[in-house]
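Notes to accompany the following structure.
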């Protein structure tokens, strides 16, 4: 969607932003970033009507007053990111630590900043991560990671415990910071889609789709209907596979290995459908600007059959998981309250599990949405079980959507021809409901028609805060289950 | 010095009743109740075999109805009401269970005190019966969910029945049948009342029933 | 006369050979059986029955990494524990055909178990890793809760027989009239305690990879190579001994008079261990790992059962 | 046997018909008429017992009726007939102005009347039982059948009251069952190798029973049936159930059910009296009765709810009856029961009228009844005097007789305590009722059919007055 920024002076930004974003206003903070370190870019989304606003606030120097400190907790991690990537330092930020770049980078290295910063302008002399210290008799710290016992991504967790109870949890991420956003501006735009897809390895379709929408709207290209539908099918297949394995993960963590085994098998089935459609199990290099790479009739009818089978096989396993009483008991922890979810702007499963009725599929156009959008699944309790139930509900609604898209599928071209050059000096953004939640791509072209700045906001970026809050005062042994229920992405956050 | 088989069965019923105290999980509770009542049915049948009175077999069949019918009925209610564990107890469940064991010891002493209970040495029959009675009372006193109170009442009832079974030589059958009928009707009525409690109070936690009191 | 003595000597030799073979073969196979059944219950084919042997071999061939923070204790523990467990396995009548050479006092058994746990915990603390300390703290908590249950279960049988020698208790020929309910309760109490002792579900999940929830696995996280192989084998042995002991109790509950035939006893013991392994597999496939705060509620059951055993035994046999 | 069938058939038929007849007003009228028929039938059939020509009739082993029982049967049927007669106009009013959000339906009405009839059958059954186990069953049946009466309003409070009633009484009754089993055991250890629970047989061979077991059994029965009768400290269900049930049901609970439970105690007590005429047990019962009277009088002082206050007054009277039982005097027990039943039924029915008209049960919101409806007000005052034992009424005679008898039996401390407690409760009740009667007329009070709704209470009050005038104290005191 093409945008043109409105200039909001830096002085009035906090006030205007606070009155606009939830819980005071109706908007949510989509993105808070910068183009090259000399301005703040604020992307605001209306989660009901689907309006989008882009604000630009020029900055003199590299200091501004922290928005978090002004009472906008949604901006908390964005400001940490700004400090790391652009050297823009928020004054009065309650807990300013580095987010993406750990202490082996030079202190004064800010990859996305166009004009280098002199050391005097940098308030920090070290990149040490000052963990919050909890003191008192019997309180001890338990460092976990970044390398874990299972095969998962790296992240360092610092638990402050009192006996078996977690008093505080601090998370240090950034171990897989690869410079995706910078790389996006360095490669030719025709090849940028491969970089975009790699932002998070399990969110391939959603990232590719968001990137395609950004490019298509810059180029003002109409995507054929068939391609839209096939994209929808691919997106839902991705959601299906990931939700199934996440539910299976819950079962593994509470020790119901039989159910977990079935879920792994079913997830394999969903991935197999994706492979048949795209050629790779995680569906890489399939969605491209203008449409999709291929749409084989045989593959589509195979998916139709697969959907029928999954409809039969998945619900019994899930019902078994949620029916076991002891499992319900285990899943009754890790609460995220509704007010917290609104205040921090949690998205996706996490938000909907706490009663936030926001599903980008019903609001923002992508693929065949919002026409085909299912009714969002909402749970009120905010605990592990309600997040699990939402996954279960979305598994079945995804199956329905795939079936509906297959029904609607007609013959036609699957890819539009694209012009050779991107227009100059334009903004464009795309909002896609990935399986974890709202995924945002924002692009800005320079005067040569190349990407000047390409920002990606993974859903996990909003949600990482939730885990530390949800697990507070719970048992250490409940942390893995709580973590699994949120299923956050490390690489999506680190980019 | 050997225990008679009928004493062993009675003891088994008491053990099941004690284990019932240890869980707040209603379904597990019902399973233990079922075991406990089955043991009492077996006891009835065994005593009928010992005494050669076939009429006791009918009583055994009646207890069997109690052992199977009531857990099924209450299980159905639990499923309908979507309540599956006790919201909280006045006494932690494990402690309660261990208290139940102490009570079994106490009831051994008690049954020694009651004169005329089969000879000079207390039988484990009377011990188990009084122990079960205590378990039922503990269950009723320490649990907050209405279903547990019904189950507690049933356990008390079983304790009394077991006492009658082991200490008397044959209560008239019609009386036993009458008692059984009353118990079944009581469970039906209270069970149906549970639905109303759930509807009005949104839970079957009886500690919420505090509206009526003086002042 | 001479031929009789020779016959007896031969029998003892046969028993010793049987014991050695059992010690080497039964524990890993029991573990393999549990794993295989679990896999089948999850619709997987699962590793072969003899996989634990292969695992032990693989581990013993691997190099060992030892943290420089540790002392000699860290490495010595594996050997110490293995010796304790072998001693235990020789003493405890966990199989019907072990030679009753030394006699076996139940308090000795309990202290040997405690000693082995002491060294495990010590070595976990010695390694200095945060998880090992965590696991050790959990292990000690569990031990504190579970220990009385084992003591009382075994002691109640001792009271019934007026003897603290387990070989007398489990002799199969002693006709002291112990009611089946006592045997049965003692057996089930021992079985439940061994679930906890052996870090099986629902208290600990032996297959988990989540370091924050582990108990036993957390303690041995730092061990590797041969050291780990020894620890694993010790653990297998402990499993077999404890399951064997429960089996013996249940067998005594089931039989109405003494079983004279050695062969029948031996086969029954082995089959019993197999059935308990099956039970463990079924429990682990269906049970949910409990919340740590709910674990005491579960432990209360074996404790209650053991208390009941003691109560029955004391009321009946201390006149 | 024929008598039993004839007496039992009408309630059963009525119970079935109640569920079948869908027209609520017609059903109410029909049942009320039939209850009077039942009363006439009972008097006619039990006449030989009542006039003393036959001391007791044994219908079958375990079923027997003596004179006291016969009189209680008549009293029970009379109370139920009065209540159901009054219910005709009470429920008619309630159908129009309901205060609860749940609409009335023919089904609910049918269930009420069906349960009322089964309740009546169970209560009549209590008096016919010679066998203690049958007695237990009948009393448990009264609990189960009256639960629906208490729950009639279907409100949250009614639900709570019903739940407490069912659970507390069931547990109490379970203890009584244990007591019964113990009595049976004692009979087997002693006189009867086969064992017996028939009171008549037990009394005959009382001295051969195993006394320790018998005494234990009696205590359990006392606690068990005492719970049902509302003896302090097991009374907690009683105010709840009485205040939440609709007025006719409260009247029946108070006027008939409590007598049943006390009759259970009376039967067991007779056995123990026969076994040990001068034992320790003989002091326990009057003391328990006195304690109940004292406790109830203290509770009466601080009351906020009209019907709860009346319930506590019932507990007080239960205490007095228990004293009468403890003194071993059946006639005194019956006389106190008659006076209390008639006066309390009148009071509960009037309280139903007043609370329905004013829409509240809170004492501090009720005032000026004398101004709004002088008829109700007057009757209320008279009934209050009647129930508290003021002079011209029957209760005065019976209470005085109890006091004198207990003094004669050297229970002086009890008599003194009783007198002071009765005085306290008299003052408390009169004060509370006086506040209701006088003062500004309540503007939102809508009295309905003052004449028709006063008939039954009026007749009852007159009856109690007549009893007081006709009874001669000196003959009563000389009774055994």
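Observations
We call the chains A, B, C and D, going by the order they appear; numbering starts again at 1 in every chain.
In this section, a contact is a pair of C-beta atoms (placed from the backbone, for glycine too) under 8 Å apart; a residue touches a chain by one contact, two chains touch by 3 or more.
Everything quoted here is computed from the prediction, not taken from an experiment.
Note on interfaces A-C and B-D: more C-beta pairs are in contact across B-D.
Nearest to the global CA centroid, when each chain is reduced to the mean of its CA atoms, is chain B. Chain centre most remote from that of chain C: D (centre = mean of CA atoms). Centre-to-centre, using mean CA coordinates, chain C is 66 Å away from chain D.
Here the CA centre of chain A is 48 Å from the CA centre of chain C. Inter-chain centre distance (chain B to chain D, centres taken as mean C-alpha positions): 31 Å.
Taking the mean of the C-alpha atoms as each chain's centre, chain A and chain D sit 72 Å apart.
Looking at chain B, no residue sits in touch with two or more other chains. Pairwise chain contacts present here: A-B, A-C, B-C, B-D [touch as defined]. Those residues of chain C lying in contact with chain B across their complex are 177, 179-181, 185, 296-297, 299-301, 303-305, 307-308, 311-312, 315-317. The part of chain B that touches chain C in the complex is made up of residues 1-3, 8, 11-12, 15, 18-19, 22-24, 92-94, 97-98, 100-101, 104-105, 108, 124, 127.
Taken together, the chain C residues at the contact with chain A in this complex read 38, 41-44, 130-131, 134, 201-202, 205, 207-213, 221, 284-294.
Interface residues of chain B, counted against chain A in their complex, comprise 25, 27, 84-85.
Across the complex, chain B meets chain D through its residues 114-116, 133, 140, 146, 149, 153, 156-157, 160, 163-164, 167-172, 175, 178-179, 182, 185-186, 189-190, 193, 196-197, 200-201, 206, 209, 211-212, 214-215.
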